[in-house]
Each structure stands twice: as structure tokens, then as C-alpha cells.
Amino acid sequence: MLKVSIIGATGYAGAELLAILHRHPQVDIAHITSESNTGKEISELYPHFAGIYDMKLESLSDIEKIGADSDFIFIALPHGHAMDVGKKLEKLPVRIIDLGADYRFADTKIYETWYNVEHTHRNAQRVYGLAEIYREDIRTAKIIGNAGCFTTASILALAPLVRHHLIDVGTIIVDAASGVSGAGRSLKLGNHFAELYDNFKAYNVAKHRHTPEIEQALEDLSGEKIVISFTPHLVPMSRGILATCYAKIKDTRTIDAAFQKMYGNEKFIRLLGRGAYPETKFVRGSNYCDIGWHIDERTNRVIVLSAIDNLVKGAAGQAVQNFNIAAGFDEDTALDVVPLYP
Amino acid sequence: MLKVSIIGATGYAGAELLAILHRHPQVDIAHITSESNTGKEISELYPHFAGIYDMKLESLSDIEKIGADSDFIFIALPHGHAMDVGKKLEKLPVRIIDLGADYRFADTKIYETWYNVEHTHRNAQRVYGLAEIYREDIRTAKIIGNAGCFTTASILALAPLVRHHLIDVGTIIVDAASGVSGAGRSLKLGNHFAELYDNFKAYNVAKHRHTPEIEQALEDLSGEKIVISFTPHLVPMSRGILATCYAKIKDTRTIDAAFQKMYGNEKFIRLLGRGAYPETKFVRGSNYCDIGWHIDERTNRVIVLSAIDNLVKGAAGQAVQNFNIAAGFDEDTALDVVPLYP
Amino acid sequence: MLKVSIIGATGYAGAELLAILHRHPQVDIAHITSESNTGKEISELYPHFAGIYDMKLESLSDIEKIGADSDFIFIALPHGHAMDVGKKLEKLPVRIIDLGADYRFADTKIYETWYNVEHTHRNAQRVYGLAEIYREDIRTAKIIGNAGCFTTASILALAPLVRHHLIDVGTIIVDAASGVSGAGRSLKLGNHFAELYDNFKAYNVAKHRHTPEIEQALEDLSGEKIVISFTPHLVPMSRGILATCYAKIKDTRTIDAAFQKMYGNEKFIRLLGRGAYPETKFVRGSNYCDIGWHIDERTNRVIVLSAIDNLVKGAAGQAVQNFNIAAGFDEDTALDVVPLYP
Amino acid sequence: MLKVSIIGATGYAGAELLAILHRHPQVDIAHITSESNTGKEISELYPHFAGIYDMKLESLSDIEKIGADSDFIFIALPHGHAMDVGKKLEKLPVRIIDLGADYRFADTKIYETWYNVEHTHRNAQRVYGLAEIYREDIRTAKIIGNAGCFTTASILALAPLVRHHLIDVGTIIVDAASGVSGAGRSLKLGNHFAELYDNFKAYNVAKHRHTPEIEQALEDLSGEKIVISFTPHLVPMSRGILATCYAKIKDTRTIDAAFQKMYGNEKFIRLLGRGAYPETKFVRGSNYCDIGWHIDERTNRVIVLSAIDNLVKGAAGQAVQNFNIAAGFDEDTALDVVPLYP
């Protein structure tokens, strides 16, 4: 049994982690923290945990003790806070999986530019936490910077095409849509039920912070400098991301093969095939990323569609997948679930 | 390993059964059937099963062979069809859990009156499949008539009060609301998304078929003849039932104790307590029934609120709970899941 | 042209008032106020008004001037604030329609008990603003205490039965459900989209403040003391209220006639008839109250169903209806709209 | 007063037409037709019309008589049927506004290719019914081929940029999303509430029939051959379309001016400005098209966002706007309504 703690357990990603780890046969939860709700039981904040978890939320003020008690720590804090935790735990054997952005960038200057925060842990031993691409590095990493939600859907959709140089990378556009849980549990007018119901909108056009994260992974795969357009939209639903990705085709013939080659043995990627339409509901509650693609001969573009559950493959599920890899467990331990449908 | 078959696997309850049984360590799926989709793979009809189930749907025309191959058969057919299956399997050792109404009534005349169908298997050895009340009978039953969705929520809410004669049974009113999956997957205008979205309505007032089923269980508990008012409503959501139950109080003092006594050791009943508000989302995807109750001193009424997932505790989860009891497994095998939230 | 001002224009009811009054051929908007957004244009807060209204929000600090400028003032403030405004305008000729609770009760002690606030304007000349019952008094009232949303649906459903003594008033139960806009635009966790989506719950059981308001009107109609049970529920939708009302029948034969007699000539009440099912979507955006009723011979209960749009007939539309009566206009001026469907 | 008939009044667009025309002071409805519901009252099919419309649905079998009785005929039939009606009415003075696709294309071969139907009325005197671009032709046209829903949002978003040659037309991508009412009232599994709720998906990638319609209008504006990528998505909501349009910029400096120049005086286009985010709910129930645009300097792309109500500016509202122009009324007669919010 490994001892695992969750720093920032009361956001949606933290709660999803708790839900997933409840199924994990080799995990004991050591500590869960929340600064704003220290001392409360998690089930006071999330009544769906009633009778399942009755642990009390602690403060992270004594993070060194938490670190000493834990084999692995998951961090689900707003960006800018994980690097403080990471730095304090640098000398301890505990390994870290950060669900935020602090450890996602190889080049911390990119982070600083897009997040407008000074990076205070630049030399951290870290790896980008997207198993389908960086699996080998994840096995031994001290710190895993878990991939973001939009980025996971976007990178997985485009990776085979970029790796095999089948598209003109200067023409990539990712148009994506997410359910509201991606915006977190904090209150704002845009997430008020009455405002969002029967409503659809774009946001953060040309400036969403997942843009450079997608570019970084695609550059790793292609070896080329890549600049993309990324547009997020908000869908009046709880969970799910669909990414619709466009690019001009350089070589049509091997597109199907490229997907098959890269993902044929991946447990969590379901290739629905050419002409198929992933739907977010078909992956709801699961760690799957469903992918379909379309060749438009009129425009010589490929359109790749990918669907994930933003809280699972886009956050907590991916974190547990990374944890399983890092800890040497079967990659699908605790993740082998059927999507909840309808 | 037990061999299990599902007759009528392509409705929502059948699909939910498949999803739950995927988690069951002691079950092999032997056959799944669908008359309208014979020969197709289940994942063609339910793409969320892609990569999980690739079994082909068979016809139930050779039900005797299916019965001979199976230790247990779950039936998820429209009412009126299960009794044919049950009759044909009468001599085989296979045991049956019917998710429909055919085997729910001790007095088949009540069934015939409310369902307007002749009952053709009156002498079947059967038990009503609501474990919290009929657990001992379920252990050995040949046929289990799995309790309905509204009925489960209603009976569980009222059972402690009726058993201990704490309310005036002539004043019972159950006002309940269900998500749309309760109406099944077949198409009708009232379930068209555009018609139901941003909409709320009652239906089948004073004539819903779950009424006599509730009455039967309450009569069993109280020993009195009981006639209730039951009103179902349709909520623009996928899953979930909330029952709001009213009755005049005869004895206030022991109400809390009655709930505690009856359900204190029940795995799937979460007593949220007096003054508490169950929400359907807190049980979504799980087999829990959450219960809260309120004493209104102005009117001398008790109002009991209970929430279930109509497809789990209201259908497939309850069926697996009954199966576990009948087969001698731990009652929560395959059912020990955290609700999907948010 | 009459000059009309709105005190508290930035809540949902205030905004709906603006939307309705835009259609009114005999109204000029003189002032609109908001204390938290003074100086802003209304379309900054509600972009759907872009190009329609560009007025600036004022403070109500100089309410006497606003009162002097206006023929009518609509107040859409939280309870407890309207009575201050009403008192300050007592000597001016301006007439007042308050959408809140301050002027709804003939007996201010009831208000003080349920709202936990001292009433500071007890002797105000006021009338309860539900036109179908109090029309004649509304014509000349100085202050109209506009009926609440749940109360409107509940009273209109039960009024004919109570007036004609066709039911046992000791058995009345109103079980009602509302869309989220009824909870207003302020932020709270329960109204967060992700929390409420695919969710249904009751709230304020046995203590909702609309209870004594319903009782007051029913007592006026019947001449008897009446105590009812009232339970509100929250539906994951924007707009709409459905009230499901139960009572034991004293005289079945004249129920249909009672509805016809009381409402046969009412413009805004649509009698769908015995056995009919009102749906909230069929009245969305309109001032209609749709009513259907059911006789349950098994239980000797009548179940009356009524549907309104909580922001229109339950708030702003009713206020304009009252205004039209008070000002001598046709009662449906600005209210003669087709519901928005689907 | 003009006499107006609606051929195919029982789809969502036909019903919306009836709702809008109810507000039109110079219109009498002469006939409404439905082949599948001949003889029924419209309010049997759409109870929201109860007390508003009690007309009976007729057959279109005697279309010549209907034509002779009418000054204008709106056709809301599935594609392929309007051209029969149009042909039969060719010699009558009645003017026609077709909400379907039959009369949208100047080149009927394009229609035949994309709709897979032979065009039987090729020489019809017709104009494309998008007032902001073809207003002058609409005034006198015999037949107006009302613009489609996705096309209206897409064309209006891109028109100023294309007309003034500010973008590279070879790089245009339109990624759009629609509420479910756009798919009509007929039943199919994909529109079943339980299937679509909490779900998001693309459909008809690279083959949606609105593609050539968008191209036709953009070619008219630019004088160049244009081939675009168009991808529709289905949003779990009733009404609304958001189009997110991408193109490489040729000249950034005059983009703002181009929008202002083309739309500055348009009643139904609200320019929210550079950096703004239209939301579908801000136009719900209204004939507005809200537009915002964003310049992405990293990629040298412009992203234009436009929002409409698919049943109003995308169908029935636009039809009435065209009717007003053709009949010589103020263009906003019956269309001067505030969007329904929230």
C-alpha cells in the first residue's frame, strides 16, 4: 500500500481524485488539505462522499510533515502555488503529481509570460504528464506536471499527424468546447445556472493559457516551431471536452495508419476511425479519449475530433494514470470503469 | 464465476446492468439479447461500450438454451414479456431477476388491473426485490421481481414510519420527480430534447402503475390496507428520482429512532438526518438511497425526502444487489462506487 | 404617457420589467436604480439590452426626486427595503407596485414572524396584487404588494375550490417546483451550474415564506382559517413554476364549473381542463397561468396543476398587469405575447 | 392588412412564424397547412398557442386556392417540396418566402449536387433572402429564398472582411454550434433528451449543406471563388447558434472600420466590438445578430464570433424581416422585441 496525500482536495479535480482513488486497491489516503475549509470533513463540502470518506481536511502549513508521511502527493491548487510545495518537498523522497500548470513547461519563461507569475522552482526535475507521449520519462520523474484538460484533448488529436509530418503545422486551428466543471467550483456570474443555461459562448480567444502547452507538446513531436490558434467555448453541461482540430494535409494516404500506429495499443485511447463522431457523453466519468477524423477533399484539410471527460482524462484520471506508471502499477488500476451513460 | 445473461440488453436498464456487471469479479456474461437488434454488437448501439464489450446481441428465441447456459438471468423487457420467459425457464435451475413489473405483485389481480394484461404465470415462486425489506426471501427465491424506480424511493422513505405506525396511513401523499432516462430509450415527442429542455410537468396523475406497488409494500410493513396518492413529474435531467412524501404524524417522538433502527446498518441507505435535503446528484451513478426528513409542527405532518439514481438503485443496481444476495456474494460487490459528481 | 421608474432594476425581476415595459405604448421609463451598480448602463450588466436600453443606473438616495418625477414606481428590492421607500413616498401622488414581500400581508405580524424583520410601515394603504382575486381594490390602491411567484401559482390553482368550499381545507398540500431564476442573480454554490445541472432537490421544507401568503389569500376566499403544507423544489431550468396541489374533496360534482365560473373570462388564465397537464414551457415568457385538474376517485383527492413563468406572471408580468389595472389601461397591454417555444 | 399563409406550419420554424406574425399589426393569417395533421387545430400540436390561435390546419392540396387567397406565402417545408409549390403559384400575384433551401442558390447545379435532388424550378425569379446583403433585390422579388441558420451567422460574421478583401479567403474556417431546435421536431435518437443532455458533438463534418450557401454569398461579396471549411456542432440547449470564424488577415488596420461601415446602420446587427464575446442567450427570441471580433497577432488570424437565435434571425424572424422589406413595411415591424433573458 502506498500513502498518498492530496493538497487542495476541495476543488472539482481534487474531489474527482478522491473518487478515483477510492477504487485503487493499493492506495491509502494519508492527508487531504484545504486552506479555506481546514477542520471540516470532506463530506460536508461534498455530500456525495457521505459514508465513503469521513476524513478531515488539514492545512498545508506543515507540508513537510505531510510530505514525510506520503509516498506520493497530488497537488490540485491554483497555478502559482504548487511550485512552493514542490520546492519545500525537494529533498524528501515523496514524488509529486501536480494537476496545475506550474510544472508543465520545460521553458519556464513561457510559463511566466502566459501566467504572469515568476517561476520560483525553475530547476525542478519534472516531466510533462501526458502518458501517451511521455510515458518513459514519467516512470522515474520526481515531479509530474499533469497535462491540462483542453491540452490533453488537443495534443492527443493532433499528435500522430504532427509526429509523422502529415500536416502543415502552420495551419493548425483547435476549436474546443468544455463543460462548466472545467471552470472550477468558485462562484462567478458566468457560471450561474440561469446565465449559462440555454447559452453558448467562446472565451479567452487568442489568449487561453493552454495554447503554449499544446504548442510545446506538438513541437516535441515534430521538431519544428509551432504556433496554433486555440479557441475555447463553454457548453451548458457539467463535464466533457470536445476538440475540433483543423489542419491542411501534406499527405493523406498515411493518416489512418498514423493513428493506428501511435494509439493501437493504448488502453485509454479509443480510435473510432475515419468518419466517426466522438461524443463527450460516451466518455463521461471515464479516462478514455475517443478520436475520430475526417478528410475534407474540397479544402484539403483534415479535421480531427477528440472527446474526453475534462475531470478524468483531463485532470484526475490522467493524474492517477501517471501515478500508476510512476509507482509501477498496471496503468489502468482504478481507471477501468465504464462511462456513465446516459 | 457465475454465468449471467441479460434478456433485453439494449434499453437503459439493460445497458446499466452491463456497466455494473463489468465491475463484478465473479460474473461472466453468457448471453445478451435484443429482438430488434439481433446480430449487432452492443457497442454499435451504445458507443460508450467501445473497447469494453464487443459481444453480439442474440435473439431470445432459444431462451431455453440461454437458460441452460446461465446461473442467473436478468430480464429487462417491457412488462408482459418477462412472464413468458419465466414460465419457459421454470424447470431449469437458472434463477431470474426481472427488472419489469411482471413478478412484483403477490396478488396478480392487482397487476392485471393496473397493467391491463392477463398474467400467465400466477403461481411463479417469486419475491419482491427490495432488499432492505425482503432480504431473507431474496436469498432463496427462484424469481425476484425487482422493485421499480419510483417505488424504491417511495417505499424506502416511508417504510420506517409505516412499520412503526408513526403516521396516519390514510394521509400519505408521494410527490415524486424523475429524470428522463426513466422513460426509456424509445422515441416520443415528450422526450425530444427541445420539448423537454427548460420544462417541467406532471404526468399520469392518479394512475401511475407504481402506485399499487408502493401500497403493497407499505401494507406488508403495516398490516393495514393502504391507499395513497402518487404523482410523478418529469425533470429536464438524465438521471435521478426525488420522492417527497407527506403524512400526518401520529407519534413524533420516535421518528428519528425509527429511521435509525431500520436503516442504521444498511450499506446503501444514507440517513442524512432530520432537516436534511437529499439531492439526486449526490447519488448519481451509485446504488445509494439518501434520506432526510422534516417535521412540520404547524401542520403536524412529516415530510420525508429520498433520492436515488433511477437506473441504479431504481433498476440495475438494485438488481445486482438482489443478485449478490441470491448468489451469496457480499451485497455491495460491484456496487461500491462513488457517485459521479458534479 | 406615464412616467415609470424601477427601483432595483438589476435583479432578474427588474430586468424582466424593463423588457416588458419596452413593449408598453404608454410608458416612459423615468429612472432606474441600483445601489451596487450606480452609474453603469443597464446593458453593461445585461448585454441582451444592447441597442435597446442605454439608460444609466442611478442611486435611490434621492428617492423623493425620483418619486416626484414618476407616476408609478416599481420596486424590485430584497424584502425589508421597500417599506423604507414606500414610507418616504407616502405624501407624493406617485403610486407604488412592490414586487417584494413588504406590502403583501394585511397582518404585518405575520410578515414579521416569517421574515424576521420589524415592519416599519404598518398603516400603509395597500392591497395584495393578484388581479384575478383583488382586481377592484388594485384599481385605486396607493401601494400594490405584488403577489409572489409560488404563491401566484398556488393560489390561482386552489382559489375556485376554496371559494366554493369544494375541498377540505385542512388537507391542502402544495408541492411546487421552480426554475433557478426564482433564486435571483446573486451567486451561491447551490446555483452554480455544475452543482445544479442534472440535479433536483427540495428546500425550505415547512418554512418557505410563501406559505403564509398562500394561506392569507385562501382564507380571504373561504372565510376559514387555513394552514397548508408547502414544499418548494429547485428544477435545473431557467424559468417556470409548476404547482401540484392536493386536497380531499368535499363535493366533486361542481369542481369543473367552479374553475369555469371563476376564470372563464380571465385573459391570463388558460383552463386546460380536467385531466390536462400544464407544462412550464407552454407559458415561458408569457403572463399566462395554465391550469389542469384531476379527480382521484381512489383517494377522493383533487390534484390541481398550475404552471406560470416565475418572472412574468410570478413577478414582472403580474406587476405590469397590476399597473395596467391601476392606470386604467387594457389589462393585457404589453402582455399580449406568445410564449417562447421551444 | 395583408393576407398571409404558412405552408408547413407545424415544424419549429412554422410555429415561430406564427408567434412572430401574431405581433404584426398589418397581417391576417389566411391559411396554415400541414399534411400530417390536416384538420387539427394548431394548439393541439403546440399548446403554447392555446387561447391565441385556434385555426385549423389545412392540406396544401389546393395550393392554387391558398395562393389566390394570399398576398404572401411563407413555405416551411423540407427541401425539395417548396419548388413544387413555387411552380404552381408562378402565375399568381402572390409572393413567396421560402424558409428552406430550394430557392437559395443562383446556380441550381450546386443545389442538386449538395441536396441530391433534381431542381424542377430552375428559372424561378428569386433572390437570396439575407437582407443585410441583398436588401434591394428583396424589395421586388417574386420568390425569396430565406437564408439558412448557420449560413446567416457565418455570412454576417465574415461579410465585411470579405467585401473589403481584408482576409485571405483560402484560409476561412467556420466552426459553429447550434441548439437542438435547428434539427426540427421530428424524432431521432440523437435528439432524445437523455442522449443529448450533458453531451456535445460535431456532425456532418465537411459535408453540411450550408457550406455552399455560405460560399455563394461570400463569393458575391468578394468576386472571388471561395472554398471554406464548415463544421457544425450540436449543443445541449434549445435555441441559438454561435459561429466562430477564422481567417488569415491581409490587412488588420481597417477591420474595425469595415464592420462599422457595413453594419453601422443595421437594425438587427449589434456590433459588440473588437474583443467582445457574443453569447447565444443574449439574442434568444430576438432577430438580432451579435458580432464580436478578435485579432490574434501571434497567428495573424482574425476570429469573428457571431450569435443568433436559429429560429428567429436564422429562420422565421429573418423571413418576416424579408417580408417587411418586400411589403414595404418598417423592417422591424413585429421584430422589435427584447431577447428573453435569462
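Note that the chains take the letters A, B, C and D in the order they are written out, and that residue 1 is the start of every chain.
As a working rule, contacts are C-beta pairs under 8 Å (C-beta built on N, C-alpha and C of every residue); 3 or more make two chains touch, one makes a residue touch a chain.
Bear in mind that the values here come from a model prediction, so they are computed numbers and not experimental data.
Any chain bridging chain A and chain D, meaning touching each of them, is among B, C; the list is complete. Interface comparison, A-B versus A-C: the higher count of C-beta contacts falls to A-B. The chain with its CA mean position farthest from that of chain B is D.
Centroid to centroid, with C-alpha atoms defining each point, chain B and chain C lie 39 Å apart.
If each chain is reduced to the centroid of its CA atoms, chain A and chain C end up 46 Å from each other. Between chain A and chain B the centroid-to-centroid distance comes to 36 Å (mean Cα coordinates, whole Å). Across the assembly, chain D contributes 12, 179, 181, 194-195, 197-198, 236-239, 279, 281, 284, 342 as residues in contact with two or more other chains. On the side of chain A, the complex with chain B involves touching residues 12, 15, 18-19, 22-23, 46-52, 181, 197-198, 238-239, 270, 272, 279, 281-286, 288, 290, 337-342.
Of all residues in chain D, those touching chain B in their complex are 12, 179-181, 185, 187-189, 191-198, 236-238. Taken together, the chain D residues at the contact with chain A in this complex read 171, 173, 175, 177, 179, 194-195, 197-203, 205-206, 227-229, 231, 233, 235-240, 242, 244, 246, 277-281, 284, 294-296, 298-299, 301, 303, 305, 307, 342.
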